[in-house]
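Below is a structure I'd like to ask you about.
To keep things simple, chains are lettered A, B, C, D and E as they appear, and every chain counts its residues starting from 1.
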Amino acid sequence: MSFFSKSPWILHYDASSCNGCDIEVLACLTPLYDLERFGVVNTGNPKHADILLITGSVNERNIDIIRNLYRQMPDPKVVVAVGACACSGGIFARAYNIQGGIDKVLPVDVYVPGCAARPESIIDGVVQGIGALEQKRRKSA
Amino acid sequence: MDRQGFLARVGEYHTNGWRLAIINATTVPPVDAAEPGIFEISWGFAKDLEFETIREQVTTADEVPSVSDFFGAAFLYENEMRELFGLNVTGIGLDLGGQLYKTSVKIPFSHAAVKARLAATAAATAAASGKKA
Amino acid sequence: MSSLIVFLVAFPLVVGGLLLGIRNSKLRNVIVVLAGLVVAGASIVTAVTFGNGDAVFFGLPNGLTLGRSLLVLEIAIAVFVVAVSIQHRRILAPVLVLGQVAVSVYLELSGKMPELEPGRLFWFDRLSMIMVLIIGIIGTLICIHSLGYMRDYHRSSPLIKGRRTVFFCLLFVFLGSMFGLVVSNYLPLMLIFWEVTTLCSFLLIGYTRTKETIGYAFDALNMNMLGGLGFSVAILMLAGQPDGLDLAKLTAGPATAALLPALALLCLAGLTKAAQMPFSRWLLGAMYAPSPTSALLHSSTMVKAGVFLLLRLSPAIAGSSLGTLVAFVGMLTFLFVSLVGVTEQNTKKVLAYSTIGSLGLIVGCAGLGSPELIWVGVMIIIFHALAKGLLFLVVGTIENRLYSKDMENFDTLLSRLPLVSALALTGIAGMFIAPFGVVVAKWTAIRAFLEIPGWQGAALLVIMAFGTSLTLFYWGKLLIKVLSMRSVSEYERSVEKRISRFEWLAEISLASGVIGVAAFLGVISEQVVGPYALATFKGTSQSFLHIEPVILATMIAALLFLPALALWASRHEGYNTADFYAAGRPVTSGGVMGMALGATQTVTLRNYYLDGVVNGKLVFRVGTIACGVLLVTLIAVGMVAR
Amino acid sequence: MKRTIVPFGPQHPVLAEPLVLDLVLEDEKVIDAIPTIGYIHRGLEAMVDRVEYTEMGFVVERICGICSFMHGMGYCLALESIMSVEVPDRARWLRIIWAEISRIQSHLLWLGLGADAFGFENLFMHCWRMREEILDIFEKTTGGRIIHSVNRIGGVKRDISDSELIAIVARLDGLGKAFEATARVFANDPSIRHRMSGVGVLSMADARAVDAVGPMARASGVRMDTRLAGQNLYDQIEFEPVLETAGDCLARVVVRMREVRQSIDLIHQMVDKMPKGEGLPLENKPRGNPSGETFTRLEQPRGEVVYYVKANGTKYLERFRARTPTFANIPAMIKLVKGCDLADVPNIILTIDPCISCTER
Amino acid sequence: MNPIVFGVLFILIAPIFGGLLAGVDRIVSARMQSRVGPPLLQPFYDLGKLLQKEARQVNPIAEPLLLGHLGFMAATGAMLVGGTDLIFVAFVFALAALFLVLAAGSVNSPYSFAGAERELIVLLASEPFFILMLAAICKVTDASSYQGVLSSAVMVAPKLPGILLAFTFVATIKLRKSPFDISTSHHAHQELVSGLTSDMSGRLLAYVELAHWYESAILAALVVLFFNWSVPLGLLAFAVVYGLEVLVDNSTSRAKWQLVLRSTWVVTLLLVGGNVLALFLIK
């Protein structure tokens, strides 16, 4: 039996988001959306996390951090890019310090669109992430 | 720039109870001028509802004295000017050693960088109108 | 029997004298090792010869008598002390020592010294046996350890003038006088040995002859001389009593009121030597001496003399207000120094506080006096001598490798000095890890405290509960440091290879001793310590150790767990030590992480010392004052009781 | 002597945004704190070279997702002043109503985060539950929860009907009542006082010396609020900035709590004062390209923001610059962190209400 | 029945008890926060997942130390109800907790280390209480084992009201509840990230969780000692205490370690010390 679908713990990292998606990620945990219903815990620690929720895009300084956080997550793990910036660089794609979406650095499993991404889409993204997590586990098993 | 006169004016604002509201640098066109290009710096001071500025035009070759002796909070602005505009700000109270930001484009507000951006925009516009046509 | 004892005392003294003239270190090594083996062997032979363990008394062989030799020795000591004091311009020590001499001379000349029963000079029973074994075996190991330690010590501190001949001489003289002390029954005889240990410790502490250490040496001298003066005055007072100077008879049962003043002064002597508050300062100062000195002085010999005397006095003072006061001095010392210990960063000082605390517990037990508590006291003596001896030696070894006594520099010791770490862990486990060693003793003590009626019982329980928890804190901190790991360079790894054979031999033997004593806890308790406690207090036959198989299993498991783990880990590779969490920052091997402003730095961590909650200096002062007040009361009570 | 160095951030759950501090500790006393930022730096000011001024407003709105509305409004105000565009009355009133609602949103969000930082999860949840009400209002009136895009140069894009406004006021009143229960906990709970009272004290003199702005300055008794300038109609309603004098973390909480109440009251006044009716003009479209420069100041939830816009008559601005309140408050934060306890660090960082995204742009 | 059977039963049942308790706790907490909360069996799902996940180990000794923590925690419980001397159990309990400290400290990283140090502080704060509590219970009942206390004719709770009261205080530490959850937190939004467990992952974290369930069960067993005349009443009392803890958890902020240490010591000295003193003076 696999418990991954019932206990997805997330790590949220703000790459270079405008806070819009970040606070929506947090909002998912609060009473109106209550992600904990699905067993989701916002761990704040890569070593405990199964799903990396990442908002904002890659820039010169955070690129190492993103890599490092991902590397420190134990397998199996899934990356969910939340919001337009994380998906592609969004409106800031042409800013001088933006290198692009998260997929420039990490293998992104789920793209959540929106500027800012709505909680409903984020929850949907997490649920899709759970599916990806299951698949990865099966592959590795 | 007149270093002594400038610092005296800043000091006057300080003694009269003004606070530092902003230090802002602007890349002054034409951006294709031969380096060193010209930059305009505004020191904005606020007191209650009033707002006044000191203006100076400098080049990267000039020495821009820090005002952190008067206004401790100036260090962020000044480090930023140095990193983003390449200005030679000296005597910063908390010198972050060029590590405030880390940017893909070095000195992104230098004349060369601005010029490159404008050129890219022009090219993109041309391409877009070309496509339309 | 008696010639064996005389050999035990005299042989180390002779060897000591011999070593004074030997400058060749190879020859010295051979002599020290051989003499050590003889001493250890002699102590074992003595213990075996002694057989069933009931108390025996005897005099010098061939009917020899002491004559005036004690007085001569006393004057010799005084002359030496006065000479040294004049050289260093100190006033207190000569005053104290001259006081002692005055008492002795008065006694001799006035003829008040009672006739001595020649066959009762020495007293040998199970407690003496335990002490003889501790001194003989642990003392020898420490001497052997010193051979390696002192070599490195002088290499790492080239400015200190090497006086190793004196050092090794003192070690052996120390052992001899300790042997004498623990088998004396005649109090004036004990006093002489007592004074010799004082003198040896003074010289050992001042070994490096820096201004600082000479200060500490005089601290130790003054305080112990004060105790010694108390001892002599007690002898003066007891001289008028029938059988007053016969320790066994004096302590055969509860003392009469007439004896209490003298006993109070003897307790004072015991408390000074056991470094109880307000006399704890000398032992802390002694930490600046070379580590084997610390091991010798503070695990197996010097301080044990203090508690030894108090344990001897226990039957006489137990139940009296004097006994209760002594007990509270000990228990409060335990509580206060444990509290100070949590604020201390110097590892040797932490060990010193722990030593004073453990001695405090023994003093507490001796003061209260019941079969269980005497059992506890002796058990702590055994465990403490082994584990603390080991720890002092290990810290000495580490100090010579890392050039630091600071606990904070012991981090990642397991990666750097794995075998030494395993030994250190054995010692720490022996000292405090529940449910082993000292902890078994504490457990029994708590059981005994429950039986003590009135506020005393409650107070003792509370002191014990808090004191024990405090020791958990400082040992825990030390453990964290020793047990942490990181990847180390080849050079760092090679450091351990340069530790001398002598050190390994001594430390591994002591570690085995710690484990062995744990394994044979039942035997030791039932065959030696239990019968002693019952004999001393004439209790009914009972078992002290409520050991069930499950407890025994837990104990052995807990003891072996950490050292075994350390040994296993030192051979284990393939872990990514660079993979720690640093808030997302990049980390690389050896514990280097990315820092602000683009810098990188090795992780540095400092233990908590409860800054702002516990002020160590203040606590120490309060403890000193509180115990000082108790001590004054103690002596006053003794006097008033008359 | 050896000291512990705790790497605070860039990824740290106390603050969703990446802020880096190297905390040098003795026990848990912070001896030194070395800051680094730049993890969110996008370089959006330079986007004026790539984006036409008409669209730049959308970029400016995304300086920060919390004070997004005010950033949009500030950009429009700046350009309106350069281009001398007269904004229709109703649009001006609607803007400040939205602005005050967004202040309530921001403060509730912050109160929740603050509670979470000192380990009061329950309060966090309740604050954010209330905040959802505000987001609901935003969604109804602008179509977006976070990014609203209702500001245009010359006015606003959407109207709020009078009946809707009355409904909003009623809803805010309800919210205000619910908020009182939470506010009582914040102000009186002993465990919160233990964590906040007397912690991170910024004296009035210090607040001036480090040029603190917004609630940070007001909690230290500095009477500073750009709304006092009266621009944006604040002179037509009764307004007096909220001041506290203690200057500690608790004072900063109290200032923001009182501002929540105040904003509800201000919205009441605004709805009363504003011109009523359907179909009133909302937008005066500007003509041509802007030319000239301006410094525009505005009071955001976190304090004074200064925009500098310089235009040269082309479609592309020559310079856009936003000096956000957090940028001005970072020196204060660094000052306060030194000497506090490790456990106080989250409280101090949060009570400046940092918006790193704003700071770095 | 042989007491050893109780010990074995404890080892088997305690995790189920502790897990369910954690499940109920999460639901109740969620309801207090106007949320629905996770399913009742969520803690078991979490544990199962952690066991299936990769365990990233920073050094070779963390895992054995954590197994020591788990093992000694289980042993504490088993020895407690299995009839071992109660005071001895108090020492083993501290030892079990110590292994967690060592496991975290062994990592040599800032967050784990700070968590370990803080855990050591809460250990220092709570340990005197447990020694005194068990000693007092032994004193009152003249017994030395769990069974002995249960079969004693003396009712414990009426004689030890101060200690029972203090228990609810100290249990906050052991149950890792706010305001005393300073070394680790189930809600990671704190200055130490996840404190002690910052560098533990996969099954390593599962051991910690499991040991914590044992710890909860041990606390329940300890509460029963106070109500030695009726075990159901004791369990009910534990439910009440636990309910209180959840309420406190949800209505306080996290305290600083200085306050934790000072307040726990003061409570121990006044309530427990006072109670013990009364006991010794009256009896």
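Note that in this section a residue touches a chain if its C-beta (ideal position, glycine included) is under 8 Å from a C-beta of that chain, and two chains touch if they have at least 3 such contacts.
Given the structure is predicted, the values throughout are model-derived calculations rather than measurements.
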Partner chains shared by subunit A and subunit E (touch criterion as defined above): C, D
Chain-contact steps, minimal, separating subunit C from subunit B: 1
Subunit D and subunit B - chains in contact with each: A, C
Reference subunit C; chain at largest CA-centroid distance: B
Two chains sharing the most C-beta contacts: C-E
Rounded Å distance, subunit A centre to subunit B centre (Cα mean): 36
Whole-Å gap between the CA centroids of subunit A and subunit C: 60
Centre-of-Cα separation between subunit D and subunit A, whole angstrom: 26
Subunit E: positions in contact with at least two other chains: 33-35, 56, 110-111, 113, 188-189, 193, 198-199, 258
Shared-contact residues (touching 2 or more other chains) in subunit D: 4-5, 7-8, 10-13, 18, 28, 36, 38, 41, 43, 46, 50, 125-126, 129
Shared interface positions of subunit C, touching two or more other chains: 579, 581-585, 594, 596-598, 603, 605, 608, 610, 612
Chain-level touch network, classified as line, ring, star, complete or other: other
Those chain pairs that satisfy the touch definition: A-B, A-C, A-D, A-E, B-C, B-D, C-D, C-E, D-E
Residue numbers on subunit D that touch subunit C, as the complex places them: 1-5, 7-12, 18, 20-22, 25-29, 34-36
Subunit C residues touching subunit A - in the complex, by the definition given at the top: 579, 581, 584-587, 594
Interfacial residue positions of subunit C with respect to subunit D in the complex: 406, 408-409, 582-585, 593-598, 601, 603-606, 608-612
Complex contact set, residues of subunit D against subunit B: 36-38, 41, 43, 46, 49-50, 208-211, 228-230, 295, 297, 304, 306, 308, 310, 312, 316, 318-319, 321, 323, 327-328, 330-332, 360
Subunit B-facing residues of subunit C, complex: 596-598
